[in-house]
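Should a chain be cited, it is by its letter among A, B, C and D, assigned in written order, with residues numbered from 1 in that chain.
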(Lines give C-alpha, C1' and ligand atoms only; values in the text may rest on other atoms or scores of the structure.)
Protein backbone atom coordinates (compact mmCIF):
# COMPACT_ATOMS: atom_id res chain seq x y z
CA UNK A 1 0.00 0.00 0.00
CA UNK A 2 1.49 3.32 -1.05
CA UNK A 3 -1.35 5.80 -1.24
CA UNK A 4 -3.51 7.43 1.38
CA UNK A 5 -7.15 6.63 0.63
CA UNK A 6 -10.07 8.76 1.75
CA UNK A 7 -11.24 5.80 3.84
CA UNK A 8 -7.93 5.76 5.72
CA UNK A 9 -8.06 9.53 6.20
CA UNK A 10 -11.53 9.23 7.68
CA UNK A 11 -10.39 6.45 10.02
CA UNK A 12 -7.60 8.73 11.23
CA UNK A 13 -9.96 11.68 11.69
CA UNK A 14 -12.58 9.70 13.59
CA UNK A 15 -10.02 8.17 15.93
CA UNK A 16 -8.42 11.56 16.53
CA UNK A 17 -11.82 12.99 17.50
CA UNK A 18 -12.43 10.05 19.84
CA UNK A 19 -9.07 10.71 21.49
CA UNK A 20 -9.99 14.38 21.87
CA UNK A 21 -13.25 13.36 23.54
CA UNK A 22 -11.36 11.03 25.89
CA UNK A 23 -8.97 13.85 26.80
CA UNK A 24 -11.91 16.27 27.26
CA UNK A 25 -10.04 18.98 25.34
CA UNK A 26 -11.29 21.95 23.34
CA UNK A 27 -12.83 21.45 19.89
CA UNK A 28 -10.23 20.40 17.34
CA UNK A 29 -9.71 20.79 13.62
CA UNK A 30 -8.07 17.89 11.79
CA UNK A 31 -6.49 18.05 8.33
CA UNK A 32 -5.21 14.97 6.52
CA UNK A 33 -2.91 15.61 3.55
CA UNK A 34 -1.59 13.11 1.02
CA UNK A 35 2.12 12.71 0.31
CA UNK A 36 1.96 15.57 -2.19
CA UNK A 37 0.69 18.02 0.41
CA UNK A 38 -2.89 18.14 -0.86
CA UNK A 39 -5.95 17.92 1.39
CA UNK A 40 -7.60 14.53 1.47
CA UNK A 41 -10.04 15.36 4.25
CA UNK A 42 -10.66 18.00 6.89
CA UNK A 43 -13.11 18.43 9.75
CA UNK A 44 -13.56 21.41 12.07
CA UNK A 45 -15.51 20.68 15.25
CA UNK A 46 -18.28 23.02 16.40
CA UNK A 47 -16.92 25.98 18.34
CA UNK A 48 -13.52 26.10 16.59
CA UNK A 49 -12.18 29.52 15.64
CA UNK A 50 -11.94 30.65 12.03
CA UNK A 51 -8.27 30.13 11.21
CA UNK A 52 -8.13 26.56 12.53
CA UNK A 53 -8.31 25.05 9.01
CA UNK A 54 -5.17 26.98 7.94
CA UNK A 55 -3.38 26.09 11.18
CA UNK A 56 -4.20 22.38 10.90
CA UNK A 57 -3.21 22.39 7.24
CA UNK A 58 -0.04 24.32 8.04
CA UNK A 59 1.07 21.81 10.63
CA UNK A 60 0.57 18.89 8.25
CA UNK A 61 2.20 20.80 5.40
CA UNK A 62 5.13 21.75 7.60
CA UNK A 63 5.72 18.09 8.43
CA UNK A 64 5.66 17.09 4.76
CA UNK A 65 7.86 20.06 3.88
CA UNK A 66 10.81 18.63 5.77
CA UNK A 67 9.81 14.96 6.01
CA UNK A 68 9.29 14.71 9.75
CA UNK A 69 6.79 15.89 12.36
CA UNK A 70 6.55 19.56 13.33
CA UNK A 71 8.09 18.94 16.74
CA UNK A 72 11.35 19.06 14.76
CA UNK A 73 10.40 22.42 13.27
CA UNK A 74 9.48 23.72 16.72
CA UNK A 75 12.94 22.77 18.03
CA UNK A 76 14.57 24.41 15.02
CA UNK A 77 12.58 27.60 15.69
CA UNK A 78 14.64 27.95 18.85
CA UNK A 79 18.02 26.80 17.56
CA UNK A 80 17.97 28.58 14.21
CA UNK A 81 14.93 30.84 13.86
CA UNK A 82 16.17 32.25 10.55
CA UNK A 83 15.64 28.83 8.93
CA UNK A 84 12.03 28.63 10.09
CA UNK A 85 11.36 32.21 8.99
CA UNK A 86 12.84 31.44 5.58
CA UNK A 87 10.80 28.25 5.27
CA UNK A 88 7.72 30.27 6.09
CA UNK A 89 8.51 32.64 3.27
CA UNK A 90 9.46 29.91 0.81
CA UNK A 91 6.15 28.15 1.49
CA UNK A 92 4.12 31.30 0.97
CA UNK A 93 3.14 31.25 4.62
CA UNK A 94 1.91 27.67 4.50
CA UNK A 95 3.82 26.11 7.40
CA UNK A 96 2.94 26.22 11.11
CA UNK A 97 6.07 25.10 13.02
CA UNK A 98 4.62 23.90 16.33
CA UNK A 99 3.85 20.32 17.48
CA UNK A 100 0.70 18.72 16.12
CA UNK A 101 1.83 18.02 12.56
CA UNK A 102 2.63 14.31 12.31
CA UNK A 103 3.90 12.26 9.36
CA UNK A 104 1.91 9.17 8.37
CA UNK A 105 4.18 6.27 7.35
CA UNK A 106 3.55 2.66 6.39
CA UNK A 107 5.41 -0.27 7.95
CA UNK A 108 8.31 0.19 5.54
CA UNK A 109 8.75 3.82 6.51
CA UNK A 110 7.28 5.18 3.29
CA UNK A 111 5.58 8.58 3.69
CA UNK A 112 1.86 8.35 2.92
CA UNK A 113 0.91 11.86 4.05
CA UNK A 114 0.56 13.87 7.24
CA UNK A 115 -2.03 14.84 9.84
CA UNK A 116 -2.28 18.32 11.36
CA UNK A 117 -4.40 19.04 14.42
CA UNK A 118 -5.10 22.28 16.28
CA UNK A 119 -7.50 23.44 18.97
CA UNK A 120 -5.94 22.66 22.34
CA UNK A 121 -2.32 22.64 23.57
CA UNK A 122 0.21 21.54 20.99
CA UNK A 123 0.96 18.43 23.05
CA UNK A 124 -2.70 17.40 23.17
CA UNK A 125 -3.15 18.17 19.49
CA UNK A 126 -0.21 15.88 18.72
CA UNK A 127 -1.53 13.11 20.97
CA UNK A 128 -4.79 13.09 18.98
CA UNK A 129 -2.88 12.92 15.69
CA UNK A 130 -0.81 9.96 16.88
CA UNK A 131 -3.92 8.16 18.13
CA UNK A 132 -5.57 8.65 14.75
CA UNK A 133 -2.60 7.28 12.82
CA UNK A 134 -2.29 4.25 15.09
CA UNK A 135 -6.00 3.50 14.72
CA UNK A 136 -5.38 3.15 10.99
CA UNK A 137 -2.59 0.66 11.62
CA UNK A 138 0.06 3.09 10.43
CA UNK A 139 3.22 4.64 11.86
CA UNK A 140 3.36 8.15 13.36
CA UNK A 141 6.47 10.35 13.12
CA UNK A 142 6.11 13.38 15.40
CA UNK A 143 9.56 14.79 14.75
CA UNK A 144 10.60 14.20 18.37
CA UNK B 1 -31.11 26.65 13.99
CA UNK B 2 -28.77 29.30 12.69
CA UNK B 3 -25.33 27.71 12.47
CA UNK B 4 -23.90 24.98 10.31
CA UNK B 5 -22.74 22.14 12.53
CA UNK B 6 -20.07 19.60 11.58
CA UNK B 7 -22.77 16.92 11.78
CA UNK B 8 -24.86 18.75 9.18
CA UNK B 9 -21.82 19.25 6.97
CA UNK B 10 -21.08 15.52 7.11
CA UNK B 11 -24.70 14.68 6.23
CA UNK B 12 -24.39 16.94 3.19
CA UNK B 13 -21.06 15.38 2.16
CA UNK B 14 -22.25 11.80 2.52
CA UNK B 15 -25.43 12.44 0.56
CA UNK B 16 -23.48 14.24 -2.17
CA UNK B 17 -21.14 11.24 -2.49
CA UNK B 18 -24.16 8.89 -2.70
CA UNK B 19 -25.60 11.03 -5.49
CA UNK B 20 -22.26 10.91 -7.30
CA UNK B 21 -22.28 7.11 -7.02
CA UNK B 22 -25.84 6.98 -8.39
CA UNK B 23 -24.83 9.18 -11.33
CA UNK B 24 -21.71 7.04 -11.88
CA UNK B 25 -19.59 10.17 -12.32
CA UNK B 26 -15.88 10.76 -11.78
CA UNK B 27 -14.48 11.10 -8.25
CA UNK B 28 -15.59 14.33 -6.57
CA UNK B 29 -14.21 16.69 -3.98
CA UNK B 30 -16.73 18.31 -1.65
CA UNK B 31 -16.08 21.40 0.49
CA UNK B 32 -18.60 22.68 3.03
CA UNK B 33 -18.05 26.22 4.28
CA UNK B 34 -19.80 28.04 7.11
CA UNK B 35 -21.53 31.40 6.54
CA UNK B 36 -18.24 33.23 7.09
CA UNK B 37 -16.46 31.33 4.32
CA UNK B 38 -14.42 29.03 6.55
CA UNK B 39 -14.06 25.28 5.91
CA UNK B 40 -16.24 23.10 8.10
CA UNK B 41 -15.45 19.84 6.30
CA UNK B 42 -13.85 18.61 3.09
CA UNK B 43 -13.42 15.25 1.42
CA UNK B 44 -11.53 14.39 -1.76
CA UNK B 45 -12.39 11.02 -3.27
CA UNK B 46 -9.65 8.64 -4.39
CA UNK B 47 -8.43 9.46 -7.89
CA UNK B 48 -9.16 13.21 -7.71
CA UNK B 49 -6.54 15.58 -9.08
CA UNK B 50 -4.46 17.77 -6.83
CA UNK B 51 -6.17 21.16 -7.14
CA UNK B 52 -9.68 19.82 -6.47
CA UNK B 53 -9.69 21.12 -2.86
CA UNK B 54 -9.05 24.69 -4.03
CA UNK B 55 -11.67 24.40 -6.79
CA UNK B 56 -14.33 23.02 -4.45
CA UNK B 57 -13.49 25.69 -1.89
CA UNK B 58 -13.51 28.40 -4.57
CA UNK B 59 -16.96 27.46 -5.79
CA UNK B 60 -18.39 27.58 -2.27
CA UNK B 61 -16.52 30.80 -1.50
CA UNK B 62 -17.72 32.38 -4.73
CA UNK B 63 -21.32 31.65 -3.76
CA UNK B 64 -20.88 33.20 -0.32
CA UNK B 65 -19.02 36.18 -1.79
CA UNK B 66 -22.10 37.41 -3.61
CA UNK B 67 -24.83 35.63 -1.67
CA UNK B 68 -26.11 33.25 -4.35
CA UNK B 69 -24.96 30.10 -6.16
CA UNK B 70 -22.11 30.21 -8.67
CA UNK B 71 -24.46 29.71 -11.62
CA UNK B 72 -25.06 33.46 -11.20
CA UNK B 73 -21.32 34.14 -11.38
CA UNK B 74 -21.06 31.91 -14.45
CA UNK B 75 -23.76 33.97 -16.20
CA UNK B 76 -22.03 37.21 -15.21
CA UNK B 77 -18.76 35.91 -16.64
CA UNK B 78 -20.44 36.10 -20.04
CA UNK B 79 -22.38 39.35 -19.60
CA UNK B 80 -19.68 41.38 -17.81
CA UNK B 81 -16.42 39.44 -17.67
CA UNK B 82 -14.56 42.39 -16.15
CA UNK B 83 -16.63 42.10 -12.97
CA UNK B 84 -15.77 38.42 -12.54
CA UNK B 85 -12.09 39.07 -13.26
CA UNK B 86 -12.09 41.86 -10.69
CA UNK B 87 -13.85 39.69 -8.11
CA UNK B 88 -11.17 37.07 -8.69
CA UNK B 89 -8.51 39.64 -7.92
CA UNK B 90 -10.33 41.14 -4.95
CA UNK B 91 -10.67 37.69 -3.41
CA UNK B 92 -6.99 36.89 -3.84
CA UNK B 93 -7.90 34.27 -6.42
CA UNK B 94 -10.35 32.52 -4.10
CA UNK B 95 -13.46 32.35 -6.29
CA UNK B 96 -14.24 29.77 -8.99
CA UNK B 97 -17.15 31.19 -11.00
CA UNK B 98 -18.71 28.08 -12.54
CA UNK B 99 -21.76 26.05 -11.43
CA UNK B 100 -21.28 23.71 -8.48
CA UNK B 101 -21.10 26.30 -5.70
CA UNK B 102 -24.49 26.25 -3.94
CA UNK B 103 -25.73 28.33 -1.01
CA UNK B 104 -27.14 26.44 1.99
CA UNK B 105 -30.15 28.23 3.48
CA UNK B 106 -32.57 27.37 6.24
CA UNK B 107 -36.34 27.48 5.81
CA UNK B 108 -36.39 31.22 6.55
CA UNK B 109 -33.83 31.93 3.82
CA UNK B 110 -30.98 32.61 6.20
CA UNK B 111 -27.55 31.75 4.78
CA UNK B 112 -25.91 28.95 6.79
CA UNK B 113 -22.98 28.34 4.46
CA UNK B 114 -22.22 26.92 1.03
CA UNK B 115 -21.18 23.68 -0.64
CA UNK B 116 -18.69 23.50 -3.49
CA UNK B 117 -18.23 20.34 -5.55
CA UNK B 118 -15.85 19.58 -8.40
CA UNK B 119 -14.77 16.49 -10.32
CA UNK B 120 -17.25 15.92 -13.15
CA UNK B 121 -19.25 18.33 -15.33
CA UNK B 122 -20.36 21.50 -13.59
CA UNK B 123 -23.98 20.39 -13.96
CA UNK B 124 -23.32 17.04 -12.30
CA UNK B 125 -21.23 18.67 -9.59
CA UNK B 126 -24.11 21.01 -8.85
CA UNK B 127 -26.67 18.15 -8.81
CA UNK B 128 -24.62 16.41 -6.11
CA UNK B 129 -24.43 19.61 -4.05
CA UNK B 130 -28.20 20.09 -4.26
CA UNK B 131 -28.81 16.45 -3.29
CA UNK B 132 -26.55 16.85 -0.28
CA UNK B 133 -28.29 20.00 0.93
CA UNK B 134 -31.75 18.45 0.51
CA UNK B 135 -30.66 15.37 2.45
CA UNK B 136 -29.95 17.67 5.39
CA UNK B 137 -33.47 19.14 5.16
CA UNK B 138 -32.11 22.50 4.01
CA UNK B 139 -32.67 24.78 1.02
CA UNK B 140 -30.30 24.94 -1.97
CA UNK B 141 -29.69 28.18 -3.92
CA UNK B 142 -27.79 27.43 -7.13
CA UNK B 143 -27.88 30.97 -8.46
CA UNK B 144 -30.05 29.88 -11.41
CA UNK C 1 -12.18 72.73 2.86
CA UNK C 2 -9.78 70.15 1.49
CA UNK C 3 -10.07 67.06 3.63
CA UNK C 4 -12.80 64.49 4.08
CA UNK C 5 -13.80 64.38 7.74
CA UNK C 6 -15.34 61.39 9.46
CA UNK C 7 -18.44 63.53 10.07
CA UNK C 8 -18.81 64.14 6.33
CA UNK C 9 -18.27 60.47 5.59
CA UNK C 10 -21.01 59.56 8.03
CA UNK C 11 -23.38 62.10 6.47
CA UNK C 12 -22.74 60.48 3.09
CA UNK C 13 -23.27 56.98 4.46
CA UNK C 14 -26.50 57.83 6.27
CA UNK C 15 -27.98 59.58 3.24
CA UNK C 16 -26.97 56.68 0.99
CA UNK C 17 -28.76 54.24 3.30
CA UNK C 18 -31.86 56.48 3.30
CA UNK C 19 -31.82 56.48 -0.48
CA UNK C 20 -31.53 52.68 -0.48
CA UNK C 21 -34.55 52.50 1.84
CA UNK C 22 -36.50 54.80 -0.49
CA UNK C 23 -35.62 52.62 -3.48
CA UNK C 24 -36.51 49.48 -1.50
CA UNK C 25 -33.38 47.74 -2.76
CA UNK C 26 -31.31 44.91 -1.29
CA UNK C 27 -29.01 45.55 1.69
CA UNK C 28 -26.02 47.68 0.71
CA UNK C 29 -22.45 48.08 1.82
CA UNK C 30 -20.98 51.59 1.69
CA UNK C 31 -17.26 52.43 1.80
CA UNK C 32 -15.98 56.02 2.00
CA UNK C 33 -12.31 56.54 1.16
CA UNK C 34 -10.22 59.68 1.56
CA UNK C 35 -8.26 61.18 -1.31
CA UNK C 36 -5.35 58.84 -0.55
CA UNK C 37 -7.48 55.75 -1.02
CA UNK C 38 -7.72 54.88 2.67
CA UNK C 39 -10.96 53.88 4.41
CA UNK C 40 -12.59 56.65 6.42
CA UNK C 41 -15.78 54.72 7.20
CA UNK C 42 -17.63 51.61 6.12
CA UNK C 43 -21.00 50.05 6.93
CA UNK C 44 -22.42 46.73 5.78
CA UNK C 45 -26.18 46.35 6.21
CA UNK C 46 -27.63 43.19 7.74
CA UNK C 47 -28.02 40.42 5.18
CA UNK C 48 -25.13 41.50 2.95
CA UNK C 49 -22.85 38.79 1.60
CA UNK C 50 -19.29 38.39 2.79
CA UNK C 51 -17.27 39.99 0.02
CA UNK C 52 -19.31 43.22 -0.05
CA UNK C 53 -16.69 45.19 1.90
CA UNK C 54 -14.01 44.40 -0.70
CA UNK C 55 -16.41 45.16 -3.57
CA UNK C 56 -17.48 48.53 -2.09
CA UNK C 57 -13.86 49.39 -1.35
CA UNK C 58 -12.80 48.29 -4.82
CA UNK C 59 -15.33 50.53 -6.52
CA UNK C 60 -14.20 53.56 -4.52
CA UNK C 61 -10.54 52.66 -5.02
CA UNK C 62 -11.09 52.19 -8.75
CA UNK C 63 -12.57 55.69 -9.00
CA UNK C 64 -9.62 57.23 -7.14
CA UNK C 65 -7.19 55.13 -9.21
CA UNK C 66 -8.10 56.97 -12.40
CA UNK C 67 -9.68 60.14 -11.00
CA UNK C 68 -13.25 59.61 -12.14
CA UNK C 69 -16.22 57.38 -11.30
CA UNK C 70 -16.18 53.69 -12.14
CA UNK C 71 -18.75 54.10 -14.92
CA UNK C 72 -15.72 55.20 -16.92
CA UNK C 73 -13.86 52.01 -16.00
CA UNK C 74 -16.92 49.95 -16.94
CA UNK C 75 -16.98 51.56 -20.39
CA UNK C 76 -13.26 50.93 -20.79
CA UNK C 77 -13.75 47.28 -19.88
CA UNK C 78 -15.67 46.94 -23.12
CA UNK C 79 -13.53 49.16 -25.36
CA UNK C 80 -10.12 48.04 -24.14
CA UNK C 81 -10.38 45.15 -21.69
CA UNK C 82 -6.60 44.71 -21.57
CA UNK C 83 -6.31 48.08 -19.81
CA UNK C 84 -8.75 47.10 -17.09
CA UNK C 85 -7.08 43.73 -16.64
CA UNK C 86 -3.71 45.43 -16.31
CA UNK C 87 -5.10 47.96 -13.83
CA UNK C 88 -6.47 45.07 -11.82
CA UNK C 89 -3.03 43.51 -11.68
CA UNK C 90 -1.24 46.78 -10.96
CA UNK C 91 -3.60 47.44 -8.03
CA UNK C 92 -3.08 43.99 -6.57
CA UNK C 93 -6.71 43.15 -7.30
CA UNK C 94 -8.04 46.23 -5.56
CA UNK C 95 -10.28 47.73 -8.25
CA UNK C 96 -13.84 46.76 -9.13
CA UNK C 97 -14.61 48.34 -12.53
CA UNK C 98 -18.41 48.55 -12.51
CA UNK C 99 -20.68 51.53 -11.73
CA UNK C 100 -21.14 52.44 -8.08
CA UNK C 101 -17.74 53.99 -7.38
CA UNK C 102 -18.21 57.77 -7.35
CA UNK C 103 -15.66 60.56 -6.82
CA UNK C 104 -16.40 63.12 -4.10
CA UNK C 105 -15.38 66.64 -5.15
CA UNK C 106 -15.75 70.05 -3.55
CA UNK C 107 -17.18 73.07 -5.39
CA UNK C 108 -13.80 73.84 -6.95
CA UNK C 109 -13.50 70.33 -8.39
CA UNK C 110 -10.88 69.20 -5.90
CA UNK C 111 -10.99 65.45 -5.16
CA UNK C 112 -11.83 64.80 -1.49
CA UNK C 113 -12.27 61.05 -1.76
CA UNK C 114 -14.67 58.48 -3.21
CA UNK C 115 -17.70 56.42 -2.24
CA UNK C 116 -18.21 52.81 -3.29
CA UNK C 117 -21.54 51.05 -2.90
CA UNK C 118 -22.58 47.46 -3.66
CA UNK C 119 -25.58 45.27 -2.95
CA UNK C 120 -28.16 45.86 -5.67
CA UNK C 121 -27.83 46.63 -9.40
CA UNK C 122 -24.86 48.79 -10.28
CA UNK C 123 -27.23 51.60 -11.34
CA UNK C 124 -29.03 51.58 -7.99
CA UNK C 125 -25.76 51.34 -6.10
CA UNK C 126 -24.54 54.43 -7.94
CA UNK C 127 -27.77 56.34 -7.30
CA UNK C 128 -27.31 55.83 -3.57
CA UNK C 129 -23.71 57.05 -3.76
CA UNK C 130 -24.75 60.20 -5.61
CA UNK C 131 -27.55 60.87 -3.10
CA UNK C 132 -25.08 60.53 -0.25
CA UNK C 133 -22.59 62.94 -1.77
CA UNK C 134 -25.28 65.52 -2.54
CA UNK C 135 -26.58 65.30 1.03
CA UNK C 136 -23.14 66.42 2.20
CA UNK C 137 -23.30 69.43 -0.13
CA UNK C 138 -20.56 68.03 -2.34
CA UNK C 139 -20.18 67.18 -6.02
CA UNK C 140 -20.51 63.64 -7.41
CA UNK C 141 -18.51 62.42 -10.42
CA UNK C 142 -19.83 59.06 -11.63
CA UNK C 143 -17.53 58.79 -14.62
CA UNK C 144 -20.46 59.00 -17.03
CA UNK D 1 -29.58 36.69 19.49
CA UNK D 2 -26.80 35.03 17.54
CA UNK D 3 -25.69 37.52 14.89
CA UNK D 4 -23.95 40.84 15.06
CA UNK D 5 -26.22 43.48 13.54
CA UNK D 6 -25.02 46.77 12.05
CA UNK D 7 -26.98 48.55 14.81
CA UNK D 8 -25.01 46.69 17.48
CA UNK D 9 -21.74 47.41 15.69
CA UNK D 10 -22.58 51.11 15.62
CA UNK D 11 -23.45 51.08 19.33
CA UNK D 12 -20.04 49.55 20.02
CA UNK D 13 -18.26 52.09 17.81
CA UNK D 14 -19.99 55.11 19.31
CA UNK D 15 -19.33 53.99 22.88
CA UNK D 16 -15.69 53.26 22.04
CA UNK D 17 -15.29 56.79 20.66
CA UNK D 18 -16.91 58.24 23.78
CA UNK D 19 -14.47 56.30 25.93
CA UNK D 20 -11.59 57.62 23.81
CA UNK D 21 -12.87 61.16 24.36
CA UNK D 22 -13.08 60.55 28.11
CA UNK D 23 -9.52 59.26 28.14
CA UNK D 24 -8.38 62.21 26.00
CA UNK D 25 -6.33 59.89 23.80
CA UNK D 26 -5.19 60.20 20.19
CA UNK D 27 -7.66 59.68 17.34
CA UNK D 28 -8.69 56.04 17.03
CA UNK D 29 -9.81 53.73 14.27
CA UNK D 30 -12.41 51.12 15.17
CA UNK D 31 -13.22 48.01 13.14
CA UNK D 32 -16.10 45.69 14.01
CA UNK D 33 -16.04 42.27 12.36
CA UNK D 34 -18.72 39.59 12.34
CA UNK D 35 -18.00 36.05 13.56
CA UNK D 36 -16.69 35.10 10.12
CA UNK D 37 -14.08 37.85 10.09
CA UNK D 38 -15.85 40.20 7.70
CA UNK D 39 -16.16 43.95 8.31
CA UNK D 40 -19.53 45.06 9.61
CA UNK D 41 -18.50 48.67 10.27
CA UNK D 42 -15.37 50.80 10.49
CA UNK D 43 -14.64 54.40 11.43
CA UNK D 44 -11.33 56.26 11.32
CA UNK D 45 -11.24 59.49 13.32
CA UNK D 46 -9.80 62.67 11.81
CA UNK D 47 -6.05 62.79 12.14
CA UNK D 48 -5.48 59.01 12.06
CA UNK D 49 -2.63 57.69 9.97
CA UNK D 50 -3.21 55.78 6.76
CA UNK D 51 -2.71 52.16 7.83
CA UNK D 52 -5.00 52.40 10.84
CA UNK D 53 -7.85 50.56 9.05
CA UNK D 54 -5.62 47.52 8.38
CA UNK D 55 -4.28 47.59 11.96
CA UNK D 56 -7.76 47.79 13.50
CA UNK D 57 -8.96 45.04 11.17
CA UNK D 58 -5.89 42.93 11.92
CA UNK D 59 -6.42 43.10 15.66
CA UNK D 60 -10.04 42.01 15.33
CA UNK D 61 -9.12 39.32 12.80
CA UNK D 62 -6.32 38.05 15.03
CA UNK D 63 -8.78 37.60 17.89
CA UNK D 64 -11.22 35.67 15.71
CA UNK D 65 -8.40 33.60 14.21
CA UNK D 66 -7.66 31.90 17.52
CA UNK D 67 -10.92 32.54 19.38
CA UNK D 68 -9.71 34.91 22.09
CA UNK D 69 -8.51 38.51 22.42
CA UNK D 70 -5.15 39.58 21.01
CA UNK D 71 -3.60 39.93 24.46
CA UNK D 72 -3.21 36.15 24.15
CA UNK D 73 -1.40 36.53 20.84
CA UNK D 74 0.80 39.23 22.36
CA UNK D 75 1.83 36.86 25.16
CA UNK D 76 2.53 34.09 22.64
CA UNK D 77 4.71 36.45 20.63
CA UNK D 78 7.08 36.39 23.58
CA UNK D 79 6.83 32.72 24.54
CA UNK D 80 6.86 31.24 21.02
CA UNK D 81 7.48 33.92 18.41
CA UNK D 82 7.68 31.38 15.59
CA UNK D 83 3.99 30.54 16.06
CA UNK D 84 2.94 34.17 15.74
CA UNK D 85 5.18 34.68 12.72
CA UNK D 86 3.68 31.60 11.10
CA UNK D 87 0.15 32.74 11.86
CA UNK D 88 0.97 36.03 10.20
CA UNK D 89 2.04 34.19 7.09
CA UNK D 90 -0.88 31.77 7.11
CA UNK D 91 -3.30 34.69 7.34
CA UNK D 92 -1.70 36.50 4.42
CA UNK D 93 -0.48 39.18 6.80
CA UNK D 94 -3.95 39.80 8.22
CA UNK D 95 -3.29 39.48 11.96
CA UNK D 96 -1.92 42.17 14.28
CA UNK D 97 -0.89 40.39 17.50
CA UNK D 98 -0.98 43.19 20.10
CA UNK D 99 -3.70 44.10 22.62
CA UNK D 100 -6.74 45.93 21.29
CA UNK D 101 -8.44 43.06 19.46
CA UNK D 102 -11.31 41.91 21.67
CA UNK D 103 -13.82 39.11 21.10
CA UNK D 104 -17.52 40.00 21.34
CA UNK D 105 -19.53 37.25 23.04
CA UNK D 106 -23.15 36.96 24.08
CA UNK D 107 -24.20 35.92 27.58
CA UNK D 108 -23.85 32.23 26.68
CA UNK D 109 -20.26 32.71 25.51
CA UNK D 110 -21.05 32.41 21.82
CA UNK D 111 -18.69 34.39 19.57
CA UNK D 112 -20.58 37.16 17.74
CA UNK D 113 -17.54 38.89 16.26
CA UNK D 114 -14.62 41.03 17.35
CA UNK D 115 -13.61 44.67 17.74
CA UNK D 116 -10.18 45.99 16.83
CA UNK D 117 -9.02 49.45 17.88
CA UNK D 118 -5.79 51.30 17.18
CA UNK D 119 -4.50 54.85 17.60
CA UNK D 120 -3.14 55.19 21.12
CA UNK D 121 -1.35 52.75 23.43
CA UNK D 122 -2.48 49.14 23.13
CA UNK D 123 -3.87 49.29 26.67
CA UNK D 124 -5.96 52.36 25.90
CA UNK D 125 -7.09 50.91 22.59
CA UNK D 126 -8.25 47.80 24.42
CA UNK D 127 -10.04 49.82 27.13
CA UNK D 128 -12.09 51.55 24.42
CA UNK D 129 -12.97 48.23 22.81
CA UNK D 130 -14.13 46.81 26.13
CA UNK D 131 -16.21 49.92 26.85
CA UNK D 132 -17.86 49.63 23.46
CA UNK D 133 -18.76 45.99 23.93
CA UNK D 134 -20.16 46.59 27.41
CA UNK D 135 -22.28 49.48 26.12
CA UNK D 136 -23.97 47.00 23.82
CA UNK D 137 -24.74 44.71 26.75
CA UNK D 138 -22.29 42.08 25.50
CA UNK D 139 -19.28 40.26 26.92
CA UNK D 140 -15.67 41.24 26.13
CA UNK D 141 -12.84 38.67 25.92
CA UNK D 142 -9.47 40.44 25.79
CA UNK D 143 -7.37 37.28 25.87
CA UNK D 144 -5.94 38.23 29.26
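Definition applied: a residue touches a chain if its C-beta (ideal position, glycine included) is under 8 Å from a C-beta of that chain, and two chains touch if they have at least 3 such contacts.
The structure presented is a predicted model; accordingly, all values stated were derived computationally and were not measured.
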item	value
Listed chain pair B-D, A-D or A-B that repeats interface C-D [over half of contact pairs the same by residue number]	A-B
Comparison of B-D and B-C by number of C-beta pairs in contact, larger one	B-C
Approximate Å spacing (C-alpha centroids) for the pair subunit B, subunit C	30
Separation of subunit A from subunit B, taking each centre as the mean of its C-alpha atoms, in whole Å	26
Between subunit D and subunit B, distance of the C-alpha-averaged centres to the nearest whole Å	31
For subunit D, residues contacting two or more additional chains	3, 35-38, 92
Subunit D contact footprint on subunit A (complex, rising order)	48-51, 54-55, 58, 74, 77, 81, 84-85, 88-89, 91-98
List of subunit A residues in touch with subunit B within their complex	3, 5-6, 9-10, 36, 38-46, 50-51, 53
Residues of subunit D touching subunit A in the complex	35-37, 64-67, 80-83, 85-92, 111
Residue ranges of subunit D touching subunit B (in the complex, touch as defined)	2-3, 34-38, 92
